[in-house]
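In this document, chain identifiers A, B, C and D correspond to the written order of the chains, with residue numbering beginning at 1 in each.
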Amino acid sequence: MAKRIGILTGGGDCPGLNAVIRAVTKHAIISYNWDVIGIEDGFQGLYEKRYQPLTSGSVRGLLVRGGTILGSSNRANPFRYPIKLPDGREEVRDVSEEVLRNLAELELEALVAVGGDGTMQMAQGLLERGARIVGVPKTIDNDLSATDFTFGYQTAVEIATEAVDRLHTTAESHDRIILCEVMGRYAGWIAMAAGLAGGADVILIPEIPYRLERIVSAIEDRKAKGITFSIIVVAEGAKPLGGESAVAVQGDLTRQEKLGGAADRLARELARHFSEHDVRVTVLGHVQRGGTPTAFDRLLGTRYGTGAVDLVAEGKIGQIVALRGNTITSVPIKDACGQLKLVDPRGELARVARHTGVELGA
Amino acid sequence: MAKRIGILTGGGDCPGLNAVIRAVTKHAIISYNWDVIGIEDGFQGLYEKRYQPLTSGSVRGLLVRGGTILGSSNRANPFRYPIKLPDGREEVRDVSEEVLRNLAELELEALVAVGGDGTMQMAQGLLERGARIVGVPKTIDNDLSATDFTFGYQTAVEIATEAVDRLHTTAESHDRIILCEVMGRYAGWIAMAAGLAGGADVILIPEIPYRLERIVSAIEDRKAKGITFSIIVVAEGAKPLGGESAVAVQGDLTRQEKLGGAADRLARELARHFSEHDVRVTVLGHVQRGGTPTAFDRLLGTRYGTGAVDLVAEGKIGQIVALRGNTITSVPIKDACGQLKLVDPRGELARVARHTGVELGA
Amino acid sequence: MAKRIGILTGGGDCPGLNAVIRAVTKHAIISYNWDVIGIEDGFQGLYEKRYQPLTSGSVRGLLVRGGTILGSSNRANPFRYPIKLPDGREEVRDVSEEVLRNLAELELEALVAVGGDGTMQMAQGLLERGARIVGVPKTIDNDLSATDFTFGYQTAVEIATEAVDRLHTTAESHDRIILCEVMGRYAGWIAMAAGLAGGADVILIPEIPYRLERIVSAIEDRKAKGITFSIIVVAEGAKPLGGESAVAVQGDLTRQEKLGGAADRLARELARHFSEHDVRVTVLGHVQRGGTPTAFDRLLGTRYGTGAVDLVAEGKIGQIVALRGNTITSVPIKDACGQLKLVDPRGELARVARHTGVELGA
Amino acid sequence: MAKRIGILTGGGDCPGLNAVIRAVTKHAIISYNWDVIGIEDGFQGLYEKRYQPLTSGSVRGLLVRGGTILGSSNRANPFRYPIKLPDGREEVRDVSEEVLRNLAELELEALVAVGGDGTMQMAQGLLERGARIVGVPKTIDNDLSATDFTFGYQTAVEIATEAVDRLHTTAESHDRIILCEVMGRYAGWIAMAAGLAGGADVILIPEIPYRLERIVSAIEDRKAKGITFSIIVVAEGAKPLGGESAVAVQGDLTRQEKLGGAADRLARELARHFSEHDVRVTVLGHVQRGGTPTAFDRLLGTRYGTGAVDLVAEGKIGQIVALRGNTITSVPIKDACGQLKLVDPRGELARVARHTGVELGA
């Protein structure tokens, strides 16, 4: 019987996931003649034994496709699994025994787990109980400290930048203050990159709580110079100094409705200062997560995918692939967990922003 | 002294405005050796005598640029002009006398007024008092009955469709209900075209007030077939049957905050029915109005611009250029005013939608 | 037994083909509960009896996909069919009897034939011998007289225009004469639209044989004004006055090699006049035919597809759908054959070009 | 008098040049209150004393613009300068004395020279004779060993990949072998990245001379599996084993015409093996060099630009900015000269290609 490996994708969407699946499948088949088992909907499919064989045919044409052909699950944590009770309620249980048993039955050389911090913590829990897993890092926010770049991030930046470009011309011609809310709950990498690339006048990120008066003053300074428009890029996790971020109240719908998103909230406050201007809001949302990945992310996903298969072939179980400079390397999964890579408020990017005249709100 | 024409752009932003300005300028100079005067910020610049000469050099490179190099003004109506008083308050006055006098001083063969319904009504008012004006139609919403297509509309549709494309893959991989709010306060052309082109499952437009239960039922039907995601394209002017649209309460900030936008409001209601799904919202906003126009809109703007100069040369004062089929023609400005071209709830597009399985909400 | 219709796609690639297939399938199933049979590789599949059932599932996700899921065949003419002989040679035979018999066996309400002039002539031949066929027009070159617009054309124009945009900045910064060869063997619609939308300085189309000296002189006039770059958009069928087009020698490889493509040939001649400049060539080729269609073309393909099913339902056999203004209508297939819609050298587009300073070469 | 710095851009076009100019200008003005002098057309402007002041206003809106607002010159080498003689002939002279004198007259803190290997060798020559210069690396081919990434490269890769995507669908639907020629005279980075990201079946680069029979055999293997199309990405410097590259004969027009470009030449040979298929060629050319840069390249150009000003402020004359991993650093200009960074035929990228089934021709 041919050896086999498995692959699952966990967590939120990220352009480049299918490139990883394709590369893992192709490399495993072409170089090692392994069978490849795709596990559906992340750890949920492992619990429910929903698998599909992956072949050269089934991964054809995947590079351009957003999403993941395997599906994902945000909530299927083997250690805290939401079970639907007959009465409709949900109960959280530890189903890691079942998951480990199902995994053992598959007789995999290793499972390639593609996911973010949450997925890697689950993977680490299973690793500690004997599972054979290698990791591929995934975060649209690029906030994983183990690697220089994660796939999907650059796609999100390009999409957000194109939106900022479009907002620019209309803001300029029509004297508008336009806010563009981009992703980034805890880390401001997307806002920072898209804001700098798009020539934003103000960039607000979670790492630098903002003072409203600084933003107002930046806009007024521009008006004093005869520049009657301003573009503000706001990470969804941006928050006023001393306040809380809109994403902090997640789940509390009543407060969320009252608070609104980061951009909506700021827009209301700005509308009080600049009544003569039109203040407008664009909320990009999941547009940043979907669709065709950039070439950069397809290539990075492909390199991660082949790298993960190499880890399996070299017996490096428990490792996660990572990019350092131009080199694919690996680190232990446990070292990749729980440490967000944040924008340094005094680091190079923040300096570049300030040195080119961008107001960071503090 | 050379003959001269003037040009101004009024109303909201619309990709293709600069193509019109460029074509008017080039055709006037190349074919007739006229001087061209650009009037800044719409009728405001005419009142304030702010002009700039337009030359071949000043319109170079304009085809790719969004916005309008002349600026615009939404509120500068010569007949109801907002005057700032010394005490900071605003007063609305009829300044049409001054505007007509300034126009007369310019000694133009004609003024080319590029704008939407509002601008054309002002133009008509001035025409009736002796001004020499020809019109170029402009509405991002494509809701002008005098012409088959307005420039800018197709750009908005392409941008909205690309967003829907991106939302599709992420919705599919992650079992989401995603709402995408697009422009269209009174007419649903953008929503209809982008929804059909993007393969939306539900399209909600102002012309067809929706029943929530039909939307819920469409989503449930899909789930029954194993399709666990849905894409809903919502025009900003969409409204529930018997309710009012979010744009109807414009200006009343308190109610607006409570009501939210069309997509936000619907998302809250859907979240009550489909708690197990993530319901997500994208609000494209001014992204649809800005940036590089499509080739289609650049060409249409160019044809309108040369057509407008031809109207002047032929002495067809009071006419507005229009597209009928593949032909540039013209109609009286007064016939182009005040009649919105709406999506017919029983017309071809609505039938195409229903026949390809799209739920229109009623 | 349910009624059934068939569909095949013939001729060259054209973005929007899959939108037609999807719309035909959806409308037939949703509105009439008909079965839908996809015939593979155009008339070749009809001769070889290669069919596939088309269902809602098999047309999912098709709007964004270029190409045709049914495949096509350029050479499979039922009346002059290339048969491979056992000795490897090819013989051309009339296999229309077999094709008609196979068609009869399928017991279709009608066959929807999607294709260009060639496909429609074959369809007409079969119609005259009793086949039940309705047509959907397809030509990337937009040169069909029966309809205002064909799908795919606008996508090609957008792609070509984006290329011209990119060439513009590099030509300008680096004092280059850049030629961009676009599609258009007999009709210059793509060159004309992309050239006008992209701001080309010279546009050469098959309908207007060019004089080299006029092109040289236009470039020199620009230099005299201090403009040291020029962009030339060349249709592949463009030819010098009194000469022949590069596409005319198709099949004669030796002469083709010697002659080169339209842009290569002109580039060599310009290099002799402007040695101090760099003359560069881009040949877009099939890039214009492939990939995701624009929203415009997806919508048009969808409207054509539903319109074709309506023709079948209404018993309008022998008709081809067409767009007139904003209206989907139909004309007899035989009236749609053999008449190319060419750019009128004195028509509106050519005037718009000349009036905005574009050199047309004659 | 305020201190001042100068900036010039040399060599071929590269998206991101304007981002560098903008960042240098903004940082110099905002952080140090320096004046900024733009030197036109590279070293030619320094010789001819053509300068323009750069202000915040003159660099507004530059991020989205391709090309360089300062112009460039490929041939203006101060040490081998082409002088036009009165009789029309050209003579090459050493004008470095004049250039150094002009530079001294400008009394710059330093000159920021943005360019590739050629520009840096000129800069080094001037440095050795006392000029104060800092460098910013520029090469569309990403083949500079001193830095991990150069701006412009990623834009070229994205453009080439989009072309490959489009070719894919048409090749697949219509059974074509399509060759796409991309940039890369000596280094195959663009071909490699675009080929991998676009899912090419064959990638040919200068570093790996190809054997025609391997390409033929790869296409035949695909046909044996029922895959009737193939996509071949060819770097312009690709060459057969034992042969010479098409770019090697540059300047020898007769031989160049006979040889043709890399893709044309290979297409002719493939047409002999696969007569039943259509073999088609796309030559992207300067499309890859022009137009709006990606966000990645705008950000990199901005970081390089601010980094270069920091070098000046820190007195690090003779250094060139460089990217290592995620960090902006610098190296001596002389170390950055004359060493091309080539694709390693046995390195990671080549392995990734082979492991995912790509034929590299040897």
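Going forward, contacts are C-beta pairs under 8 Å (C-beta built on N, C-alpha and C of every residue); 3 or more make two chains touch, one makes a residue touch a chain.
Here the structure is a predicted model, which is why all the values come from computation and not from measurement.
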Centroid-based (C-alpha) most distant chain relative to chain B: D
Copy pair chain C, chain D: interface residue numbering same or different (half cut): same
Centre distance in Å when chain A and chain C are each reduced to the mean of their C-alpha atoms: 41
Centroid spacing, where centroids are CA-atom means, of chain C and chain D in whole angstrom: 34
For chain B paired with chain C, centre-to-centre distance based on mean C-alpha positions, whole Å: 31
Residues within chain D bordering two or more other chains: 165, 168
Category of the chain touch graph - line, ring, star, complete, other: ring
Touch relationships between chains, expressed as pairs: A-B, A-D, B-C, C-D
Partner chain B, residues of chain C touching it in the complex: 22-23, 26-27, 30-31, 56, 61, 63-64, 148, 154, 157-158, 160-161, 165, 168, 193-194, 196-199, 292, 294-296, 298-299, 302-303, 306, 309, 324-328, 348, 351-352, 355-357
Chain B residues touching chain A - in the complex, by the definition given at the top: 12-13, 17, 65-69, 71-72, 74, 159, 162-163, 165-176, 178, 180, 253, 257, 260, 268, 271, 278, 280-291
